[in-house]
Amino acid sequence: MINKLLIIIGIIGMLLILLPILVNFQSPTNLSALAEEYVRGSVNDLKSPNVVTSVVVTYRGLDTLGEVTVLFLATLGVGFLLENKKNKSTQRTVSENIRTTSSFLVSLIMVLGIYIFTHGHLSPGGGFQGGVVIASGFLLLILSDLDFKISHAILRFVESISGLVYVLIGLIGLVLTIGFLNPAILPLGKYGDLFSAGAIPLIYSLIGLKVGSELTNIIATMGSDRSSESVVKEER
Amino acid sequence: MNSLIIIGLGVIMIAAAIFTIYQKSIVSAIISAGVISLLASVIYLILGSPDVAMTEASIGSALTTVVFLYALNRMRKEKKDDK
Amino acid sequence: MEMIFALITLIGALFLFLGALGLVRMPDVYNRMQAGTKATTLGTILFSLGIGLANFGSGWCGKIVIIILFVIATNPVSSNVIARAAHFSGIKLAKLSLKDELKEDDEKTEGGTL
Amino acid sequence: MIETLILGFILLLIGLYAMLSQKNIIKIILGFSIADTGVHIIIVSLGYLKGRRAPILDSAVDIANSVKEVVDPIPSALVLTAIVIGLATTALMLVFAAELHKRKASFSIDDYKELKW
Amino acid sequence: MVSLIYQISAGLIILSLLLTLFRLFKGPTVADRIVALDAMTIISISLIVLIAHIAQRIIYLDVAIVYGLVSFIGVVAFARYLERGL
Amino acid sequence: MNKAKSFIIATILLFITWILLSGIATQEVIFGGITALIISLLFLTRLTVLGDIKFGIKPFIFSIGYFFLFSWELLKSNLDVARRVISPKLPINPGIVKVKTKLKSPLGRAFLANSITLTPGTLTVEMRGEYFYIHWIDVTGCDINCATDKIVAKFEKYLEVIFG
């Protein structure tokens, strides 16, 4: 009873906190000065059509580095907490249809992922989305192929190398130009081309590889109690 | 037209959220939570931020539900081992 | 001309609606799947085709073609996978069904499933 | 846009209610993810400007006059990373739930009262 | 006239989403709900394409492609969970 | 041999996909596409699947015929679904039947199963060796041979030439 009362009080308190925002809300008519600066700078200084990308990679690049680090720590936590006992389990075989279809579909998904993170400055998408799509491709491989095993050593290698190069590019920016993670260390190119906007495609590709390998690691760790040797496939 | 779509989607999302709370079966609750994040990505698209829409579509529909399913699967297997 | 493309889009939306209606009206999960898969596949194809033709050229067509191919490739596969899982997990056919040869064969060979 | 703002608030409150009232651990985590979605919708709709377009300046947008054409890019950039982090924290919470379930074979939060394990 | 037809299409799509939502709530088994989720994702792809046409932006179609492919994987994962193959 | 053929076909298909996604085919898009292909082809696990496709005049003509047959059947099946859904009495008498197929190649079998799913009143439930189990919305009480004639034969004629 007292429990329910507390819950209701909590909800009403939250409502009271939120209500002023709702009542006083009026749709803004102009961008704030900061956003205007970002939009202009993205066109003139960086030559990157996607303003969100230039905010994520350049203007707020340090934040993104922090976010990637948080993701890395979460992956570490998942791997640390889950102990993998190899229990013997019976598993259903995969349908033949999806086994055939997915063998081609997986490389299609990989092409899509690479498209998304290399075109991060031209179209919606970028490192985070591309990394997630690549992790989904690995997930389809795990779901459709019982014999498929991911080598954790390779994942760790890709993850640490891309993270290292990411920080290194930031430091090069500090030496050559005026700021950490400044993309002007490479030539800016023509507005709207694939290889333009300086180092933004390179940095976003590295973020994509890092996020993709981390998420693949999470999935593989959580699903890995279907242990490799002791799986008894149900043949029928 | 946009506000018509938003009101329709909003009703569906709120209904799915309430269903998530009061559903007894956990798998059904996970399915309707997946519906919420699927439709949220359409709303982000109407609000003019396709980057967020793409992130929500790829993460909400596949990876979040799969992570939930993997965790449930581990718990289900333990229960079977005890018996 | 624009009118015709808009009408193609409307027919696609109509098929989508029919698929959803079939999902509600059919008696068991396999019949629902039949209505759901077929009608939504053709509905999405016609819908995208109408909009792709209305914006002919200028890069729309390539992406519309890719969407249509993805839908054709993935939709039947996913319904096949769900049907197999449903049959395996023991969901019975509706009362008015005539026969179930898959179940008969399972019982003949193994005597019970996993 | 006011409609999406209200929608975000309602989702946030529903998620909060689920987190406070439910006993099942998985339900609590689901409530967290609903509240997460609500907060993201609120942030994005605060950055929306009526009648404007997505902040990607390709040929469909007047580039010279872009400041008057696009919506605010900063909330999008914030939410973008927040969603990915949300997935990682959800995975971490689920791993904790699995470990708890291993101790007592129970989903109910009422069974874990010892404050140590 | 043309825009009226597009509005009718949008209304039909919202209506079919509501119908699939009804099946998702009512469905006696989990498999029914998964079928409803699958139909819902396919219908939403059409909705995204329609929004791209209204806003006249090609780039929104990328979202539709990702949406279709990735939600397929989600449905496969649900089915594998149901048949105890995860 | 089969593997090399499959590799070449996969490369061409994925490259076309890349060009369609990019929208334009400038020099650097092609360069980026080749880089992407090299990475993504590493994930084609069972490379021999696509090697079943046959080349030549006859398979080409038959694949065009298959395309038109498939489109016609898809349209017919939707009208069928519409008729059944709208009519207030729901005229169905469903059941799962067994049919037999001659196809051996995995790709041909996958195409057959998906075509069956999209044609009037049928849905593939399970594929086991040479038997397919099919949920049929209108079981007419005939045995395996007549069910095979009604469901499988029209596609098999084409797919046998295209995929072997």
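Order as written gives the chain letters A, B, C, D, E and F; numbering starts at 1 within each chain.
One rule holds in what follows: a contact is a pair of C-beta atoms (placed from the backbone, for glycine too) under 8 Å apart; a residue touches a chain by one contact, two chains touch by 3 or more.
Note that the coordinates shown come from a computational prediction; the quantities given were computed from them, not determined experimentally.
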item	value
Required steps from chain A to chain F (each step between touching chains, minimum)	1
Selected interface, A-E versus A-C, where C-beta contact pairs are more numerous	A-E
Centre distance in Å when chain A and chain B are each reduced to the mean of their C-alpha atoms	19
Separation of mean Cα positions, chain F and chain E [Å, integer]	23
Between chain C and chain F, centroid-to-centroid distance (C-alpha), Å	14
Separation of chain D from chain F, taking each centre as the mean of its C-alpha atoms, in whole Å	40
Residues of chain E touching at least two other chains	6, 17, 30, 34, 56-60, 62-63, 65-66, 69-70, 73, 76-78, 80, 83-84, 86
Multi-chain contact residues (two or more partners), chain B	46, 49-51, 53-55, 58-59, 62-63, 66-67, 70-74
Numbers and ranges of chain F residues touching at least 2 other chains	17, 21, 23, 113-114, 124, 126
Residues of chain C defined as touching chain E within the complex	2-3, 6-7, 9-10, 12-14, 16-17, 19-21, 23-24, 29, 32-33, 36, 40-41, 43-44, 47-48, 51, 54-55, 58-60, 63-64, 66-67, 70-71, 74-75, 77-79, 81-82, 84-86, 88-89, 91, 114
Chain A-facing residues of chain C, complex	73-74, 77, 80-81, 84, 88, 109-110, 114
Complex interface listing, chain E residues touching chain D	55-60
For the chain D and chain B complex, residues of the former touching the latter	1, 3-4, 6-7, 10-11, 14-15, 17-18, 21-22, 24, 26-27, 29-31, 33-34, 37, 40-41, 44-45, 47-48, 52-56, 70-71, 75-77, 79-80, 83-84, 86-87, 90-91, 94-95, 97-98, 101-102, 105, 107
Residue ranges of chain B touching chain D (in the complex, touch as defined)	3, 6-7, 10, 13-14, 17-18, 20-21, 26, 29-30, 33, 36-37, 40, 43-44, 46-52, 55-56, 59-60, 63-64, 67-68, 70-72, 74-75, 78-79, 82
